[in-house]
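Each of the two complexes below includes chain A, the first together with chain B, the second together with chain C.
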Partner chain A sequence: MSEEFTLQTEKVGDSLVIKTGGYINNVAGEKISQVFSDNSNTDVKNAVFDLENSKVINSIGISYLLEVIELLSGKNGKIIFLNLDPSIEKTFKIMGLFQFSQTADSLDSALKVLT
Partner chain B sequence: MEQGHLVEKLSLQAQSFQEGFKILTKSDTFEQLMKNFWHLLRANFIITNIHLLHQESVNSPWKSMVPKSKTDDADLPLLVHQDQQSVINYDNNKYNAVIVFPLTDSSYLGILFGDKLDNTKFTDYDKITLQILMQVFSSAYGSFLNQKKEKKLIFELNEKIMQLNNLIDAGIEISRFDKFDFLFEIALEKVASLTNASSALININDMGSSIEEKQIIFPDRTPADKILNSSFRIESSFNFNKKTYHFILSEKETRKGATHFNELDKLLLQAITRQVQTAIENDYLLKQSLEKERIEKELLLAATIQQNIIPKELPKIEGYELAGINIPSREVGGDYYDCMDLGKGIYAFIIADVTGKGISAALLVNTLNAALYSYKEFNLPLSELTEKLNKLIFNATPADKFITFFIAVLDTKTGRLDVVNAGHNPVLLIRKEGDLEKIEASGLGLGMLDLGLPYQEQNLTFDAGDRLFLYTDGIPEAMNKNEEEYSDERMFEFFKKNSGQQAAEFIKAMVHDIKGHVGGEPQSDDITCLILKRV
Partner chain C sequence: MDSNFNLKITLPKIPDIELVAIEGLERMGRFLGITEDKIGEAKIVVNEAIINGFEHSGIENQYVNIEFIMTKEELTILVTDYGKGFNPEEVEEPDISKKIGGKNKRGWGIKLMKSLSDDLTIESGPAGTKISIIKKLT
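The block that comes next holds the complex of A and B.
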């Protein structure tokens, strides 16, 4: 059901679309964090996380996502999550991620919100 | 600079210090705090060459914070500690000032000030400004640490709520029968997520055996050896239905690397293990209950088939008495008896017993019954009829299924009695004078082999006062609680002594005698018999 963690990114204007696959844990969190510290992404203000292929996350993974949220909030940016597994959505709610982020039904609707 | 002028200048800058403090306290990260402080220092001293460094503890290496580029190693010895005191060295050869400033969390801030743009040295005013700015930074850093601590506490509190919530959800999901096929995968995902385990594994093997029958790993491409040989590992297991289910969690994750699992993690693993055990037990009980239900339905159907075949009423034959009985056991067997009117005062008496029980046995009885009625019209010699039946049953059944079969054809006018015994129990014949004859098998049971071997037909006479007793093995093998059989001997004796009674009375008395022997024990096989008497 789960695979080795994979990460795909695509830059759309000042937004970064990130598609993950597999367990979002410490290793995955580090990879996500690195994307935002990459020099080519210093101008990124917004992020869209497509978690369709990630069904499991632990609290270390969540801490990295919170850092991304803080980073982009500091730039007055927005964070949108797509295709959340119901259990992950519930976890995000409890951990307070939706205080500073939102969900969307599709990538198109997410990008509309960001432009 | 005059004292009055200095005070006036400092008071004018008070507001800018307060604004600087506000900017510093808005920093979300330590890196941002350092960068903001760096800007504040540059603005106040008109110096571009300022290096900010940080040291986590007195023995840790210095880390360049702003600018990010590594500070010259040769300059690091300039950063001197002094018992948690702040150290400021002015007029160093290379730097205008070198500061080592202790922070509230036992870490140190190091600052190297290069030349001022006007190439002047630090004035008293600059030194006072620097002291104030260091206090501003110290306060902002304290505030930053408190915010960080507060965030950490909120995160930990939310994490505990999340763990509790996920544990409840895991219990619900694990107990769902529609997800039973993914039970172990779900359990591993849940427990790994709950405990921050880097990976998890379940080994399933036969109890006492070390060879795993099944292994499930999460994430599924993790090498099993990595988990099994991990130094950071907790385990839990249970046995059920001769199998051992062994759960292993490997490497508790932190932001600083792997560490040992704590007591809460052990409790969470045990809780998930127990939930899996309960789910497996429930599934087993459900399957057993469904299987029981299926068997009961099959038995009911088998009993219905059998009861529909066995005659409800036997024909009345002038000059003869005939009675029979079939008492099916709880597990429906394949006993069968019948009496067919072949016309012209000729009757056939049949008794048979199919190996096995249940619906397959009942269906085979049905096949035999149908075949007998089909061949009835052809008036075949008994040996030929039996051969045809053997072929039919052989082709219709697997190797382990066969029928013991006895048929007697009586011409009621002449008393001629032709018989064939195909692997059945001896049929008893008592003559009027009391002599007991046993009509033994003269061929194999129907369906055992198809070698074309003939079934030997015997030709007897059945005179007035003679009695013929057909039975299945359910009678001599009826067992009491001491596992003692009713036995052939007791049955022969009973037949000898009591067969003088009316046929129906004899059957009742025999059943009574068998039940007296068995007592309250459940009936293990069908009780079937048929008695024919010539008056």
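The block that comes next holds the complex of A and C.
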């Protein structure tokens, strides 16, 4: 069963790299959203989400990702996802998330897109 | 052993209880040799169905019953709550372009369940809601 949700962040230039672990539900979604609220007065305008260690997500958790997309779109920023489980990638496609975000093969390639 | 497995669980409304059902689903799926992609999609469907059940379970009866009937070819998921019910025809089709910039970013559950399954039936009334889902596994 999924372990406790974990969140690691690293600021790289004007991008925030977020690595999650565990189930992305409402509580995890709030934590993710809070990170961006905390950075709302900084130069952060892009996000890279590495979901390699998050294999379960629900639509409430995703609704918080929509908040982040909304926030960063307002700054003309970009959102890139890494290491999506195939079922999560399919879920994002169904919802239309990739109209507002993209995927990359690695952190390096994501950061190249953002610089 | 019979290759038709049945798992029934009554889930109380406590945080992350849906993971118990997902764990059972994963174990049955792997035992039957179902692909990880199909199991992953089924997990999303089950998760959304349980969340939907708890949202409509009401205060009096905060339980959701879930039943899986799984073969190598097909998974049937039955989710029942005993809450106030809802009218599925009144559920608006979510549109991400409206959600981004809009106040309500939720309301994706039924769309995801429909999109990731092969058949979905919702029977809902004042005594509760039963969602029946069939997902092909081959």
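In this text, the second predicted complex is superposed on the first by the 110 of 115 C-alpha atoms of A that agree within 3 Å, B and C clash if a C-alpha of one lies under 4 Å from a C-alpha of the other, contacts with A are read in each partner's own complex, and residues count from 1 in each chain.
Methods note: a contact is a pair of C-beta atoms (placed from the backbone, for glycine too) under 8 Å apart; a residue touches a chain by one contact, two chains touch by 3 or more.
Because the structure is a prediction, the values reported are computed rather than measured.
When the two complexes are overlaid on chain A, chain B and chain C occupy overlapping space and clash.
Within the superposed three-chain model, A:I94 lies in touch with chain B and with chain C [touch as defined at top].
Residue contacts after overlaying the shared chain place A:L16 against neither chain B nor chain C. Once chain A of one complex is fitted onto chain A of the other, the partner contacts of A:N25 extend to both chain B and chain C.
In the superposition on chain A, A:L71 contacts chain B only, with no contact to chain C. By the touch criterion defined above, A:E4 lies against chain B but remains apart from chain C after alignment on the C-alpha atoms of chain A. Of the two partner chains placed around the shared chain by superposition, chain C is the only one that A:D85 touches, whereas chain B remains out of contact. By the touch criterion defined above, A:S63 lies against chain B and chain C together after alignment on the C-alpha atoms of chain A.
Touched by chain B in one complex and by chain C in the other are residues 1-2, 23, 25, 27, 55-60, 63, 66, 70, 73, 87, 90-91, 94-96 of chain A. Remark: chain A residues 1-5, 22-23, 25-27, 55-60, 63, 66, 70-71, 73-74, 87, 90-91, 94-96 touch chain B in the complex. Chain B makes touch with chain A in their complex at residues 28-29, 32, 154-155, 158-159, 161-162, 165-166, 169, 182, 185, 189, 192-194, 196-198, 218-221, 253-255. Those residues of chain C whose C-beta lies close enough to touch chain A in the complex are 15-16, 18-20, 22-23, 36-37, 40-41, 43-44, 47-48, 51, 94-97, 99-101, 105-106, 108-109, 111-112, 115-116. Chain A makes touch with chain C in their complex at residues 1-2, 23, 25, 27, 55-60, 62-64, 66-67, 69-70, 73, 85-88, 90-91, 94-97, 99-100.
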